[in-house]
Every structure is written in C-alpha cells, then in structure tokens.
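Order of writing sets the labels: A, B and C. Residues in every chain begin at 1.
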Amino acid sequence: MKSIPLRILAITLLKELGLASLLLLGVSFVVFVILYAAPGDPFSVLLEGQLPSEQALAGIRAAMGAQQSWYGQYFSWLHNVLGGNFGTSLHSGLPVAGELVKVSLNTLYLTLGSMLVTLCIAVPIALYSSMRGHAVAISWPLTMLGYVFSALPVFWLGYIAIYVSVHGFDFFPLSSSGASDGNGWLYTLVPVLVLGLGSGTISEVIRYLREEMSRVMAEDYIRTERAKGASVWRHAFKEGLLLPVSEIIAAKIPFILGGAVIVEQIFNWPGMGRMAWQAAQDRDFPVIMGIALVAAIFVRVGSLIQRIVYTAVNPQGARD
Amino acid sequence: MAQPLLKIENLRTYFYAHSKQAFVRSVDGVSLEVGQRETVGVVGESGSGKSITAMSVMGLISGGPGVIGGSIHYASDKVQKNLLEGLENYVQLEEGNGRVLTVKKDESGWQKASEKLMAGMRGKEIAMIFQNPRASLNPYITVGEQITEAVRLHSGISAVKEARERAIHWLERVKIDSPRLRYNSYPSGMSGGMCQRAMIAMALSSEPSLLIADEPTTGLDATIQSKIVDLLQELKNETGISTLLISHDISVITRLSDRVAVLYGGAVVEYGPASQLLDAQAGFKHPYTAALLASVPNQQKIRARANLQAIEGEVPDTINTPPGCRFYARCNQITPEIRDKCAAIHPELKDVAPGHQVRCWRFIN
Amino acid sequence: MRRSTRVKKYIQTSGEVSDFSKLPLHKKFSIPDLLYVGYGLLIVFLVLVSYVLGAFNLLPNDPQQINMDMLMAPPGTGGHLLGTDFMGRDIQSRLILGIQAYFLPGLLAIFISLSIGIVLGVLAGYRGGYAETVITYFTNLVDSFPRLVLILLVIAAFKPDIYYIMMVMGITGVPAVANAIAGKIRVLAQKNFIEAAIALGLRTRVIILKHILWYNCRALLIIQATLGMGEAILLETSLSYLGFGVQEPTPSWGNMVQSGANYFMQGNFWPSTAPALAILFTILGFNLLGDGLNNMLEGKRSR
C-alpha cells in the first residue's frame, strides 16, 4: 500500500477545520438567539453569574461596563467561551467547563461503545443480505428485528434490561452503584448495549450499508476483479464498507447523543445527557448552553473524521 | 485440425425480465470455436447476445436465471475441462409455444459448482478486458498496484518487488509513456485510452492462453480506438495469444480477426474465415451479414457515393421465438421457393464452403 | 434436483407478454413491499380512526375513571379489553385518547418541515450555486444539534410545552426534506427533464409546482410526512420519560409507558408494555410504509 500524500490530508484537514469552526460559530449564535429570546433575561445571568434584581441590574451593568446591545452581549459571551469560560452553574455554583470535561468523557464512552454495538450487529446482517444467493430465510428476520428495535421506546428497553439483569443475572446495572469491585465494566455494559440496540438507528444503518454494498458489488470494476480472479472482498471493502460505515457513523452521532440523554437517565450514568436533563429542570442556562456546544463539537468532530477517512481512501477524488 | 482452445457448444443464457414477466433468451444456442493462436471476432447488433456470451464463458453472469446449459470446452497446455461440466443438473426447464415457461435453478448449488470449475481459470487461463475501461479499473487503487496484484496472483511471483518490476514491464509493453510514473496513477487521473492500455497490461500480465476482449474500443475516441486496435494486433503477433473479440464495430473485427461469427437473436447465423465473410463481394452470405456489411461505410462506398443501407426492422425480441428463421421478418432476400420454409422452420448452420457455415435456407437444398 | 428447498423458481406469465403498467400489483412489486405498505396503511387508518374516536369522546370506557379495586388488571378482566393501569383506569380508552396528544402537534411539526423543506429543497436543487451553499450550511448547522439536546435547551429557556417542542422538531426535520427534494431534482436534471420542460416553453412556476413537486415528489413527501409522525411519537415518548412530555392525567403513550414502568420491578409489566407495544406497532408501520413505498418508487425489490 502506498501511503497517502500528507499534503492532501493536511489540506483536507484545514478545510474541514475551517468549515467546522464556521458551523460552531453558527451553533453558538443559535444558542444565543434562543436564550436571548427567552423570558427572564437569562443571558444576563450567564454573563453576570447570578440573577440580579431589576434595580440593581442597571447599576451593575453600568458599573461593570457590561454590554447592553444584543451583539455586544453575544460577543462578550463568545469571548468568554473561546477563553474556556463557560460560566458558572446556577445550581451547583461550580464552573461549567470543568464539569463538562468530566461528563463529556463519560458520554463519549457510552456513545462510542453503543456505536460499536450497533455496527457489530448491523455490519454482518448488511453484508450477509447484500451477498448474492443469500438465504432470505435468515436475513429477513434479522432485518425485521432491526426494525423492531428501532421502533421501541429506548427507556422501555432500558427497564427491561434492568429487570433482566436483576432477576436473571442478579446484578444491578447502575454505574453509580459500586463500580469499584473489579468487574465495573460489567455495569457499564448494559447501558451501552441498550443504547446500541435502542437508539433508533439500527434499521437505518442496516439498510444503508446493505444498499451501498449491493451498489458497489454491481460496479464495473468489481466485475473486472472477478474476471481477474482477485478477491472481490478486498476490492469492494473500501467503497462498499469503509466509506459507508464512516458516513453513517458521522450522520448518526446526533441521534445517538439524543438517545444517550435517555439512557443516561435510566442507568444513572454521570454523562452530558443526564446533566442536560438536570439543567433543563433547574433552568440552569450556563450548563445547558455548554452541553449544546460540546454536543455540537462531537458532531463536527465526527464528520471531520469522516471527511478524513474519505480523503485517505480517495486521495484524488476518484469518486464524488 | 488440432483441438481448439475454446469450444462453445449450444450455450444458452436466459434472463428473467421482471417488467415483462417473461424470459429473455439473450444467448440461445451459440456454438463457436477459438483455435490456438487464433482471433475469433464476434459481431452483431446490440442485444444479439455477444457480450453475454463472453460473460457466460467467464462465469460472470449475475442476475437470474443466467446460464442454463451447453458446454464450454477449454483445452490449453495446462488445463483441459468443460467449464459447464455437470452444471445442467442444477437447472430444470419447461418450454412451450416458443417460449420458456418455467426455469427452476438451484442458484447456490450452481454457483458453488461453477466456482469450483472456474478456480484457477479466471485471470490465469482466461483474461478479459471490458468496454468503458475507466469504470472497469478500481478507482481507489493505483493502476500499478492493480497490475501487480494480477501478477502476484497468477504468475507465481510472490515477491512484491519483482511483481512490481513485472507490472512496470507490462506497462511498457502496452506503450504507456513513463511507466514508472504511471504506476502510481489512479484511474481517474488517466485518459480512457490509457486506462484500456492498463487493462490490457493487467489482462496479459498473467500470460493467459485466451483473452476475451468485450468491446475493447467502444466509448473511446476514434483515433484512440485505432491505436488500441494497433496495440492488440501487435501484442497478438508477439505473444500469439488466442482472442475472442467481441465488437459491434466491423472495422475493428476486420482488422483483428482470423475468423468471424455473426450473432443474431442469440444464435450464430454465420461463421467462417474473416476474409470470406467480411468481403462484401464474396458469395454465400447470410442476408443479415450482407445487410450488416452494407450498413458500414468504407472507401469504395464513399468513392461511389453509394447510400448506406440501414437494416430494416427491429432487433428481434427473444421472448417469443417464432417457429421460423429469426431473421424472417427483416430479411430482404427471401425467394418465393423458400418462403414457406423460412416462415416455418428454423434453419440449421450448414457448410457452404470449407470452414464456412451459414444459417439460411437459401444455402440448404 | 438435489435440494429442492433451495431451488429458485422463475415463472413466465401465461398469455401475452405483458406491459409493466398493466401487471397486477403482486407481479409489479415484491410481496414483502406490498405487505409493508399494506401494514403501514392499516396503521395510518387505525391512527386516524383513533383520532376521530378520541375527538368525539367515543371511547369504550371513561379514560379518567379511577378504580382502586382494579389496579393493574390483566387484559380482558371486568370489561377492560386491555386491562387497567396503576390507578385502575382503562388502558384501551387511554391508548385511543393518547393519539390526541400527538396528532395536532405532530401535524404542526410535519407542516413546518415540509413547507420550509420544500422551499429550501427547490432552491438548492433548482437554483444551485449560491443558494445551495447557504442551504448546505443551514443543513449542517441543524444537524450539528442532537435534537433532544436542542429541545432541552428550548425547554430550559421557555417552558416544556408540546407546541414549542414540535416547532423545534419541525425545524430540525427541515434538512431531511430539503435534501430529499434537492436530490430528486438533481436526478431529474441529469435526465435533462428540466431542460426539456424549459425548452417546451413551460413557465418556471409550472415546472416546479406541477412537474417537479406534484408529479415527481409527492410520494417522497408522503414518506417524509409519515416518518415525521413516527418521530413525533417517539420524541414525545422520550420527553415523557424525562418529565417534559404531556402531563398526567392527560394520557399520551409516552407518559403511559413512563408511569407504568414504575411498577416494573414488582413484575407488573402490562401497564407499561401495552403502550410500548402500541408505539412499536405504530412506528413500525410508519417506517415500513416509508421504506416499502420507497422501494416501489425506486423500482428496487425488498429482500
């Protein structure tokens, strides 16, 4: 294998980074607009740390030189965020940034794990049913099962999983309860499985991968490889599996993050989703804004990776 | 005459047209031979079953029901076998009223048996080049690597470096400029003609006994077409490889073939030495061949300002085969004496001269 | 024939070779696709009927009547076809009434997605260029938010109101519609369909409204609408679990699953499972309808 020209990769990386930062700027603006339009002037809360009384407000602002205009507020907030200052949680009084790092790692673990589960199930089914002369008797029920899991409410699935773990395997799959006894990973396995199965993406992943693989198998160059006596799989792998998998992962990250909100709630998982829920309950604006930004960063990083895989596989833009 | 390298007998390949709920008999009883060091051209309109014949020989037919029966005897120095040996057991056929009514085929059993028969054949004994060379090369791998892969698979050279040198050698032989540089090109960065040269290099790099060229010049610019034909001619002289050349382009067939088979409606209607068959003045010609030749411009016709003749009528549908000659509806050489026979009975291929056969009632008494 | 079970059989129709458009349905399309679509249509019909029944209060039992003597009764007891919930209320009636919670908000979400999506999709596909760049940016922007996180943000800023939530859902559903339409227009343009229409002297308005949207996109829009309804139900279910959905005692399938799930550990599955199954069968119907229709339109055959 010839190594891919680093220059091309670097250019792609820069281009995609530029696009991602442009999008994140847009995200921050949307978040700002929502909060700016909200009743109770939450934005001042954000900038000033606490909710001041009406009379004090004008005085404080004047004294601190705080911005009055909406764009002034936006830019001073953006400046803070860029400097790593996401504000202070109204609920706990702790700086949001530190908390975010902790919980986002937990969520990352949950989402990556569940994605792996989804792929481990979807890829074999998709490959099997895209092969010629496959037995419909096997692939059809599997595909159907994918549909069923995608249509079930994820928290109902979660409750079933808890019930089965408790009554069937005699352990309580909640991450916060004593995960220190050596097999802590077991406790984390159930939430990962539930999210992987129930995030509502599995049937779509199966369908997409199967269609892409079937399409590639019908390409002229695959016919050439068969005529050449070479391994079809070796040649179909890049376009038929690697690219679609990277695409579907990037496209499904937002859905899985959404599902994580529910699953974290069920299993008491100390992640972003649970924190977001708590923040929504408490109307803890700094926290929920921070989470929205971090979630958007996750999504953008996902598509950044996808673009890089695409460029690496396809260094001269062989196909668009 | 020595044993032919490839002997196709009564090959039948059918497809099921979902939109019509009926079977299309793409190849319906094709028989032809390719001798050692010989180039056999197969010519015919689109839909006559030329390409399907080639794909059937390679065992590359996808889509059901596919190859139904016949035999494909292959006999090189190293391998002698029937590529469809015993495969008929997997198919049951029911016909009636000039139509195929049911086909029962054990697809997976057929596939497995066929793969077993084709093992060591594809790429090694029989190599193939296609039309639209650009789409036929893997766009994600450099051209050089693809040739190297073929070399390593079939030439017994496993050392990467050696295989690479061999690949470059073949790039040179197909006259690609600066082959060392081109080795690292992706198909998207090369012209169609260059891609076809690379395809030819890949096909020949494993030194097969038979090359199947399926419309090798179609879709290329006229000047490049001519260069590809020159290249094929040269390589044929150098290596003495036997070739089954499929083309709708009579000029390509004329320049390369020793013998020619004319396909019409999924069957061979004329088969003979290229010099006789393609000579518009020579006698004993199937009306379809005559019409085909009359539709091709050449110097004489241009000088004489003669009109080119289109072949009247449409390509036959191979779903309903009428009992008579398949060319009956379009034929302009029917004489009153044979009209009844033409309409009622499908003629056999008959010798009209040594090694020259025609499927027409005019030559059968 | 060795293994007769694995033999694939191809049959030709008797009589004349037929025209595709005249074939009977089961010959034109694959049987699974027809089953999918048939099942989906049945579900759509049931949802509509339930909506009407709920709207006119034509329910088998009073959905709010609490009966402490019959808590969590199994299906079929005491005139309760689907049993009772943890407060002894009739599950069947509550399921039928639960549709009310989704119907209008869901339609609102669908309306927003479709109307904005159509405009953007037509702009991107028909105009291309600058408009397309802007729309791609917008699409990527909306896709950057996990839907649930955005909704939690809106809930925190405003209040947990189903109409706010459905508006967010409608807006986040825009990219899917816009992309589908733009993609369809690009396919049409590749076939020189649009040039041909322009060459015929048709007005742009006629081309877009009649020839593109009506003749070529209507099925696609129907698919998007059914999928949207399915998503609305799943979203409300998730929010119910989080406590931001439709509030008790007004029934929604989401809050029924949620409140019933509290009794899971005692082994009382039914009050939660009944609405969960209702959700399953409904979403399954919508998804299968969408996929089946899609296969039929694209001329693909389901496996």
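Convention: a residue touches a chain if its C-beta (ideal position, glycine included) is under 8 Å from a C-beta of that chain, and two chains touch if they have at least 3 such contacts.
Please read these numbers as outputs of a predicted model, since none were measured by experiment.
When the interfaces B-C and A-C are ranked by how many C-beta pairs touch across them, A-C comes first.
When every chain is reduced to the mean of its CA atoms, the largest separation from subunit C belongs to B.
Averaged C-alpha coordinates give centres for subunit B and subunit C that are 51 Å from one another. For the pair subunit A and subunit C, the distance between mean C-alpha positions equals 23 Å.
Taken residue by residue, subunit C touches two or more other chains at 6, whereas all remaining positions touch fewer.
Contact of a single residue of subunit B with at least two other chains is seen at positions 107-108. Of all the residues in subunit B, the ones that touch subunit A in their complex are 58, 60, 62, 107-108, 111, 120-124, 127-128, 130, 132, 135-142, 145, 149-150, 153-154, 184, 186-189, 199, 202-203.
By the touch rule above, subunit C contacts subunit A in their complex via residues 6, 32, 137, 140-141, 143-150, 152-158, 230, 234, 237-238, 241-244, 254, 257-258, 261, 264-265, 272-273, 276, 279-284, 287-288, 291, 303.
Partner subunit B is touched in their complex by these residues of subunit A: 1-2, 132-133, 218-221, 223-230, 235, 238-239, 313-319. Of all the residues in subunit A, the ones that touch subunit C in their complex are 19, 22-24, 26-27, 30-31, 34-35, 37-39, 42, 129, 134-136, 139-140, 143, 147-148, 150-156, 159-160, 162-163, 166, 200, 203, 207, 210, 251, 253-255, 257-259, 261-262, 265, 273, 276-277, 279-281, 283-285, 288-289, 291-292, 295-296, 299-300, 303. By the touch criterion stated above, subunit C contacts subunit B in their complex at residues 1-3, 6-14, 17-18, 20, 23, 27, 301.
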